[in-house]
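What follows are several structures.
Next come two complexes built around chain A: one with chain B, the other with chain C.
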Partner chain A sequence: MNGWSRHARVLAICWRAAVAGEVEYRFNFFSNVALSAFWMVWAAAGASVYFRFTGAVAGWTQAEVLVVIGLFFTLNGLRQALLQPNLERMTDYVRLGTLDFLLTKPFDAQLLVSLRQVRVNNLLDPVLGLALTTVGVVLSGRGVSVVALAAFGLLLGCAVLLLYALTVLLMALAVVLVAAEELGRVSYAFVELSRFPVELYRNPVQAILTVVPVAFLTTYPAAALLGRLDPYLLLIAPAVAAGAVVLASLAWRRSLRSYAGASA
Partner chain B sequence: MRDVLTAYPPLVRSATLVAATYRGRVALSLLTGFFPLLLMGVWLTVVAESGPPKGWTTGDFLSYYAAATLLWNLSGDHVVWQWDADMRSGDLSVRLLRPVHPFHQYATNDLGHRLVFLTVLVPALVLAALLVPGLDYPAGPVRLAAVAAALVLAYAVSLLMASTFALIGFWSTQTSNAWLLWWGLGSFASGWVAPLALMPDWLRSVAVVLPFRTAMGFPVELLMGRLDAREAAFGYAVGLGWLAAFAVLYRIIWRHGVRRYQAVAG
Partner chain C sequence: MIEVRDLAKHFRVHRRQPGLRASLRSLVLREHLTVRAVEQVSFTIPAGEVVGFLGPNGAGKTTTLKCLTGLLHPTAGTVRVLGHTPHHREPAFLRRISLVMGQRNALFWDLPAADAFEVNRAIYGLAEGPYRSALDELVTLLDLAPLLHKQVRVLSLGERMRCELAGALLHRPDVLFLDEPTLGLDVNGQAAVRTFLRDYNARYGATVLLTSHYMGDVTTLARRVLVIDHGTLRFDGDLAALVEAHSPHRLVRVTLREAVPAQTWVGLGEVSEVDGAVVTLAVPRAETAAVAARLLTTLPVEDVAIEDPPVEHIIRAVFAHA
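Entry: the complex of A and B
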């Protein structure tokens, strides 16, 4: 059996166990889905206040901003469902020595530590988010070509990879600092900054958000979907995402070298 | 009552010391308290492109959101999470054994943390008002005293409203979601989503009699000098009315709720 399918199979088993533990609380699950839907309506209604005074902000109409808000909820949902629960546990892994135990498993340690847990409560958020994005596209009155859809898929994939890379980087930091609860707020802030298209801010904020690279999370995928992406970004985005993942993996290995273990 | 009041200073002081010990945590939560500034950023673009909406200039938005950020970080509604966690874990049992009512234990703990925030945020706001062109408050001694009173009222109302809400935990495990729904709806009436002056008229006329504005928009508008004496007096009256209403509500719900409390652990 080759490495990839084995890794996928083991992760699937981890996820099934995590999901089984949480679907016990069915009412809680539906309550959380309802709350996620409420926050999306809240965000859309909140953004509508700007458009009481103008038809478009920095060239983005209200419908087009909805596309971005939907993508924001998609990525934020992925962060909360897949990344945050693992990052939260990192402090305990290091403090209690659980990390020693995880490192001895015959499995890639980075994948195991970063993807082992899921939080079911937010697993539907990406679906809700993409629904809002679809509504935004329809309301904007533009058709979506197959090429645009493919470009969108590619850029959204890059956005997810970027988010993953940031989480691994924060986990590496957690090994050194033993304070992952606070580090979780960094990834929260990173995603939160992508709630609106970066063009909605003026310089220098806009330039900073492009470099940081918040623009790659929601602004560029939305631009691709709306058919007004700079084509050269189709080359830059994968390069940035791949670079971030490589950098984060290096940082992770580096941090393990300084890790002395905490179990007896 | 005398006993409770004598307990306040030492309890608040100990919470202040805890907050000051974890300075990094305070710094990080201040850094991530930037959300209102994002909303401001979009308004600044709107002003630059299509002119000041309803006469609100760049300076007005800067002044509004700088003060709103302060208010947001000074809100007393964080106690909801503490109540929720303690009811679930059973730590509330320990608090019930102490001679001071749990409400005061949570209140003093939160107050201590807010005081540490205050020592960072108020100088930052003063500095911003001095350095940033356009960001300006027509401050006189009378207005500053009025704003200070409004700040105390804002904190008290948000604390009591959140504490009353937290008591839902005696009946349901969904306190935090119920609170978020309540807060989310209220944020349209508090001046959080946007300054109330820029909201539709019907929403504004409802908002001035709801408790949410007392906790956020009212002190900010007062500081910016946008309220005349009559409007200011009305704002205080609404705030004090809600304060009394929540105090009564809290007592009633507490009396019924605490009888249902079954400790989970301790």
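Entry: the complex of A and C
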């Protein structure tokens, strides 16, 4: 087996087990879907308040804002389903010495630690989010070209990589700090900032959210879908995402240098 | 195979004084101190040898083991295992070693043991043939058949340890690092693990470095021992020589049916403990059998057991001489 198929196989076994464990609790799954749908409708309804007396805010119509809100739920769902459950376990891995074993295996420890767990209850959230995004696009009355769809796909991929990089960075921090249960809140806060288009915020907040780079999560993918993206962002977004992933990976390796294990 | 030269590992730790005021102060001003966990440790272990690594808690055993497995970066000195520098964590190195720690889980906790082994198979990239034959052999030797389809987390400690050993050996490592592998196991569990490890070493010639608090583990498995204390190596040599030099006595534990006068023991051995009807005598090694025979014939004895003093006592004696 080569490296990629080996890594894919290990993650597939882990995910299969996680799915098998959670689907036993059907009620949790369906109640979570209902709850996610409720919060999404609530967020969409809340946004409509801004548009009671005006057709557009900072150049975004209500339908276009729905596209962004849909993407926010998509990314937050992915975060909750794939990233958060792994981040939550990180402190335990360090405290209980599980990380010792993961590090003595001929396998990419970062990959194993960051993607091993999956929370099935949130796996439908991204689908619900994309449904709201689709509704927003239809309501906006704009046609979506194949080019726009491809650009959207690219930027959404970059957004997911950015979130992944942040998770790995936080995991590296957990290795150094050991007691770091609250780190999950940082990734939640990061995604939460992307609930609305960054243009809705005043400067300097808007500028900060562009640099941080919250704008890459939902605002730019939405702009790509709606055909209003500055084309140069198609080059910048992959560079930012790749840079973030490399930086996070370096931080992870650096943290392992200072790793002292559960007991010495 | 394993070469350690002048190994040192220091940790920088934060020193916190007791009390609220000191705690608040430590939010801003932190006092650090350097703990020298391992200092100037050197030894060589040739291929196929089983070596016991002894020392009290906090002596530096686990730290050394972690340096050898690549988990810790040494502060100074060199470590070579199988021709590799462990902390570089090259896959070619990691594929040939295994680390087993008592009461810690290397197997994926939430999976049935069979699936957890499959994970290891995928991690080590084992082909079906070698994997199947290794697994079948381990299932037989460790009696795992009834456990394979239970989740690892519902197994008893002894059952889990047997599964842990199987998981650690599926890829047939050349070097095995065992840190307290029988910790917390009952007598049967300890015996099963020891017998298995001895057979495994005989069959595959694996190099084994073993730390344990149980003298039985070390006497069953290792002829050579390393004794470490306060991070420095105090003894490196034959186990029999260590035991004889530092523990000239064996313990004879007598369970009596009825009380006997205290002077009964004069000339038999030194009374080291009296616990109700159970009296423990320290008897010179050469006289143990004769004393046991005299006890059985002259006293109202229900049971007699002969054992070596706990490893801690021997180690203490080593340190007293050092």
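Heads up, the rule we're going with is that the second predicted complex is superposed on the first by the 261 of 264 C-alpha atoms of A that agree within 3 Å, B and C clash if a C-alpha of one lies under 4 Å from a C-alpha of the other, contacts with A are read in each partner's own complex, and residues count from 1 in each chain.
Please note the rule applied: a residue touches a chain if its C-beta (ideal position, glycine included) is under 8 Å from a C-beta of that chain, and two chains touch if they have at least 3 such contacts.
If you're wondering where the values come from, they're calculated on a predicted model, not measured in any experiment.
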item: Combined model on chain A where chain B meets chain C, clash or fit; value: fit
item: First (chain B), second (chain C), both or neither touched by A:107; value: second
item: Touched partner set for A:178, first chain B, second chain C, both or neither; value: neither
item: Touched partner set for A:139, first chain B, second chain C, both or neither; value: neither
item: Which of chain B and chain C A:31 touches, first, second, both or neither; value: first
item: Which of chain B and chain C A:257 touches, first, second, both or neither; value: second
item: First, second, both or neither for A:42, with chain B first and chain C second; value: first
item: Which of chain B and chain C A:124 touches, first, second, both or neither; value: neither
item: Chain B and chain C, minimum CA distance [Å, superposed model]; value: 9
item: List of chain A residues in touch with chain B within their complex; value: 27-28, 31-32, 34-35, 38-39, 42, 45-46, 49-50, 52-54, 57-58, 179, 182, 185-186, 188-189, 192-193, 195-196, 200-202, 205
item: Chain A residues within the chain C interface of the complex; value: 1, 6, 9-10, 13-14, 17-18, 21, 96-98, 100-101, 103-107, 257, 259-264
item: Chain C residues touching chain A - in the complex, by the definition given at the top; value: 9, 11, 37, 62-63, 66, 69-73, 89, 91-92, 94-95, 97-99, 101, 104-106, 108, 110-111, 115, 118-119, 122-125
item: In the complex with chain A, residue positions of chain B that touch it; value: 24-25, 28-29, 31-32, 34-35, 38-39, 41-46, 48-50, 53-54, 173-174, 177, 180-181, 184, 187-188, 193-194, 198-200
